[in-house]
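So, here come the structures, one by one.
Here chain A shows up in two complexes: once beside chain B, once beside chain C.
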Partner chain A sequence: MRRQTVTGVVVSAALFVIAATVPVLGSRYYTFVATDIVIFAMLATSLNLLVGLSGLVSFGHAAYFGVGAYVCGILMKAGGVPFLAAWLLGGVGGALLAGVFGYFCVRLTRVYFSMLTLAFAQIVWAVCFKWNDVTGGEQGYPDVPMPDLAFLDWLPWIGSLRSGDKFYFVVLMLATVSMLAMRRIANSSFGRILTCIRDNLERTQFIGIDVRRHQLVVFTIAGGFAGLAGGLFGIFNRGVFPDFCYWPKSAEVLIMTILGGMYSFWGPSIGAAVLIILNQYIVSRTEYWPLVLGAIMLALLFAFPRGIAGAVGAAWRSRDRFNA
Partner chain B sequence: MLELLDSGFVLGQLRSGVTTAIFLFLIASGLSLIFGVLRIINFAHGSLYMIGAYIAWDTTARLPGYGVSFWASVLVAACVVAVLGAVVERCLLRFVYRREEHYQLLFTYALVLIFSDAAKILWGTEAHSVSRPHGLAGSVELGGVRFPTYELVILAIGSMVVIVLWLSLNRTGYGRIIRAAALDREMLGALGTDVSSLYTTMFMAASFLAGLSGALITPIRSVVPGMDVEIIVDAFIVVVIGGLGSLWGTLLGSLVYGMVLAFGIVIFPRFSIFAAFALMALVLIIRPWGLLGRPIR
Partner chain C sequence: MLEVRDLRKSFSGFVATSDVSFSVRRKQILAVIGPNGAGKSTLFNLITGHLAPDRGEVLLEGRDITGASPHRICRMGMGRSFQRTNIFSRLTVYENVQASLIAHQGRGLNMWRRSDAQLRDKTEAMLQSLGLADECDTVAGELSHGGQKQVELAIALAGEPRVLLLDEPTAGMSAQETGEVIRLLDRIVEERELTLLFTEHDMDVVFSIAHVVAVLHQGRIVANGAPEEVRRDALVRSIYLGGGMH
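And now, the complex of A and B:
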């Protein structure tokens, strides 16, 4: 194996072990924060398939997150569909919607692409906000049931945990599988072509690659994973609300992705963890979280133009050079 | 739907649509100007509008003699916001001109967060309202419809801004330089124009318009936190429909959007917000550069 691959595997495994030990701390609060982080790490990574990998700055990623949450929540509560099936169908819902919207979006470039993704997301939000019979409208769709986790009871330690901790393990497992799938996609030849398109669209066209089709496929995939993250978040949040699709949510995920580092696979996850922990820390001390967040964003954008992961990576490489 | 057969009702909706359009134009023209020349999508433009509204409310409440003080406070608000805009451009924005779009987007969004909380700290979270200035509280009857006098004044101010903007962009030497900057800033700089001070002036002018519209809207709508993010999305819809960087496009976009809001409520009462976004998406699909814009690069 190449050294880079080894580092990647070691980092991934270390992250997983750290994440899995959170319930050991025995605090409901830590488990709550950790669940939040894992779900948003998954969402931000799915957005990064577009922003970092393919250079498509989507400003409406929350739409697919929200639709996944509604589909999964409604199927589980009104349809009595078992959790795993409802969750997967939530992902399918997100992917289908992204496929339809993406068909139009990938025809545009740069600012116009961002604007169209925003417009579509706002349409989704408006529909969720007003369609009282299905989504519960402005009041949201409350009381999404917790999945039946009795199948975990035979496990030695996990079986004896609180339901919040058990659900955390389910989230962690499903998110890990999704993240590994996304990592596989990013490192595949398909992923390389997307980066090629990002760096030089015309040249990629010249060598005979169907640029739009590649962009549409990645848009659909990203929408699907966003939908999967949404399904988990709806259950975690015990309800789905139109805010899930509103544009500040898209902005929030974009902030996580870019501040964390869009040119690195784990960057968006780091961004999600840093922002959620900061949020928890600051909200308990002052009501002016947006002010602090804005100031931190300005500082980070000036200090680390390539995000936290980019800065750490650069420091790591310069250490190598120093030693050599 | 039957209401559409009543000419009085139609005129009334037309009136409200035009009033909405004027405010949208005042904000969106600044947004469009900044995009056209500085090539920046400025999310914080709605925040400048909100700050204009707060300053106007605050100054009106402090000044004695309401009739004159309203107009004085409108002027104060617009000027203070213009200065604030210049400071933001000088101290922050000029460092991000050469950065990628997503980076600029995030940068101006950080400003939105900071301004919205700063406004909460300075002016609190409760809603404030300003009553209509003296002599303009009544209404005039035209063709069976009552037009509030204040809205007629707004119509006059709006038309004046359109004319002044057009004249200064198309009939003055400075306007020619601005149009040149929109086309090729390096070449303009090479020819000896101070492009960086031109940018500051442009940003100041756009901020002035945002502050002005924020101040002028106070007698019609209450001043509340959150008015910044609400208006910025509307302004984006307008410039996207009309064409980013086009003055007439922005005017057309404002009118179209104003009418969609006014009549959408009648035609599909529950989905009028939906209609606005659908229109934006439709324009982007058919003519991405907007109804009157030109494709860039």
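And now, the complex of A and C:
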């Protein structure tokens, strides 16, 4: 194996081990925060397939997250579909919707692309907000059942944990598989061509690449993984609400991605962790939390223009990057 | 090999290409010359699908490619370089050439195989052939102007084109670099049995490698023939003496 690969495996394994030890601390609160982080790390990484890898700045990524949450939640509660199937179908829902919207979005470039992704996301939000019979409308879709995790009971230690901790393990496993799949995609030939599109769209056409087709494929994939993250979040949150699709959610994920470092695979996950922990910490201490949080964000972005991972990478000469 | 018939393109009233027709045989080297603004780059852009013509046809090996998208035309066997060097400037030299090979082999949508070691031998052979082997880990945008032109040529050649269009391959180069490029082009055309079209300001380059020279003036072809004929042509002389020879 090349050094680059070894570094990647070591970093991934270390992150996984750290994440897996959270329930050992024994606090419901820590497990709660960790679950939140893992789900948002997955969502931010899916967004980064667009932003960092392909140069497609989507302002509407929450739409696919929200739709995945609704599909998974409704199937489980109203349809009685088993968790794993419902979860996968949530991903399919996100991907299908992204495929349809993406078809139009990739016809535009730069800020026009971004604006159209935002417009579509607002449509999704409006539908979820008003379609009382299916989504519960403004009131949301409450009481999404916790999946039956009895199948974990035979495991030593994990089997004896609280249901929140067990669910955390399920989230961690599924997110890990998703992240590894995304990592594989980012490092594949397809990923290389996406970096070419990001770097020089015109030249990419002239090496014989159908740029729009590749953009549509990555947009669909990113929507699918966002849907998968949404399915987990709906269960974690014990309900799905229209604000899952609302634009501030899209902005939040975009901030995580940029703050963590969009030219690194793990950057968005770092951004998710930092933003969620900061948020938890500050909200519990001051009512002026938006001001404090905003000031910290500003300072971080000025200090690390390529994100936290970019700064760490430059210091450490990390080679685990998107060939940026 | 390549045939252009009655090609016409205007931009809001300004006629950039006017009823241009010519054909190039296999393994022929055609130089398109003309003063600045004569429509050389527009002509290249029409042939490679960068622009759609208002009228006329472009045939590649007998197939009509008029108005097809650039990536299709590229896949049919046409490679090009741009007047202003157009490469993946934030990727390494190695990655530039490898990406072009990935595209050429139709592996662009392969999401499973890792990219880093793919097509290593072919990529390295290409870099070797163009004298870029020592620069393979350099970020392409950090190379000298001449080096970047070489990278662009390598990108174009990696697609194994049968017809290659080079827009001013020696622009901005020193006399020595220009000489190297001429020798390189000569060798590559021979090795790869390429049909080559190029535009050029440097008449020494034109007359040292072109088999046929077409002179473009105000969007029209005003002369087309063997270099010696064109050199003697009275109209061409008046255009260049009047418009200033570059």
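In the analysis below, the second predicted complex is superposed on the first by the 317 of 324 C-alpha atoms of A that agree within 3 Å, B and C clash if a C-alpha of one lies under 4 Å from a C-alpha of the other, contacts with A are read in each partner's own complex, and residues count from 1 in each chain.
Please note the rule applied: contacts are C-beta pairs under 8 Å (C-beta built on N, C-alpha and C of every residue); 3 or more make two chains touch, one makes a residue touch a chain.
As the structure is a prediction and not an experimental result, all values here were calculated from the model.
In the superposed pair of complexes, A:G208 makes contact with chain C only, with no contact to chain B.
Shared-chain residue A:R28: touches no atom of chain B or chain C.
In the superposition on chain A, contact of A:R162 is made with neither chain B nor chain C. In the superposed model, A:F120 makes contact with chain B only, not with chain C.
In the superposed pair of complexes, A:I258 makes contact with chain B only, with no contact to chain C. Touch criterion not met for A:R238: it reaches neither chain B nor chain C.
When the two complexes are superposed, the chain touching more residues of chain A, out of chain B and chain C, is B. The intersection of chain A residues touching chain B with those touching chain C, taken from the two complexes, is empty. Within the complex formed with chain A, the chain C residues making contact are 48, 50, 69-71, 74-75, 79-80, 86-92, 95, 98-100, 102-104, 107-118, 155-156, 158-159. Touching chain B in their complex are the following residues of chain A: 51, 57, 59, 104, 107-108, 110-112, 114-116, 118-120, 122-123, 126-127, 129-130, 247-248, 251, 254-255, 258-259, 262, 288, 290-291, 293-295, 297-298, 301-302, 305.
Interface residues of chain A, counted against chain C in their complex, comprise 2, 4, 184-185, 187-193, 195-196, 199-200, 202-211, 213-214, 217, 323-324. In the complex of the two chains, the chain B residues touching chain A come out as 41, 92, 95-96, 99, 101-103, 105-107, 109-114, 116-118, 120-121, 229, 233, 236-237, 240, 244, 270-271, 273-274, 277-278, 280-281, 284-285, 288-289.
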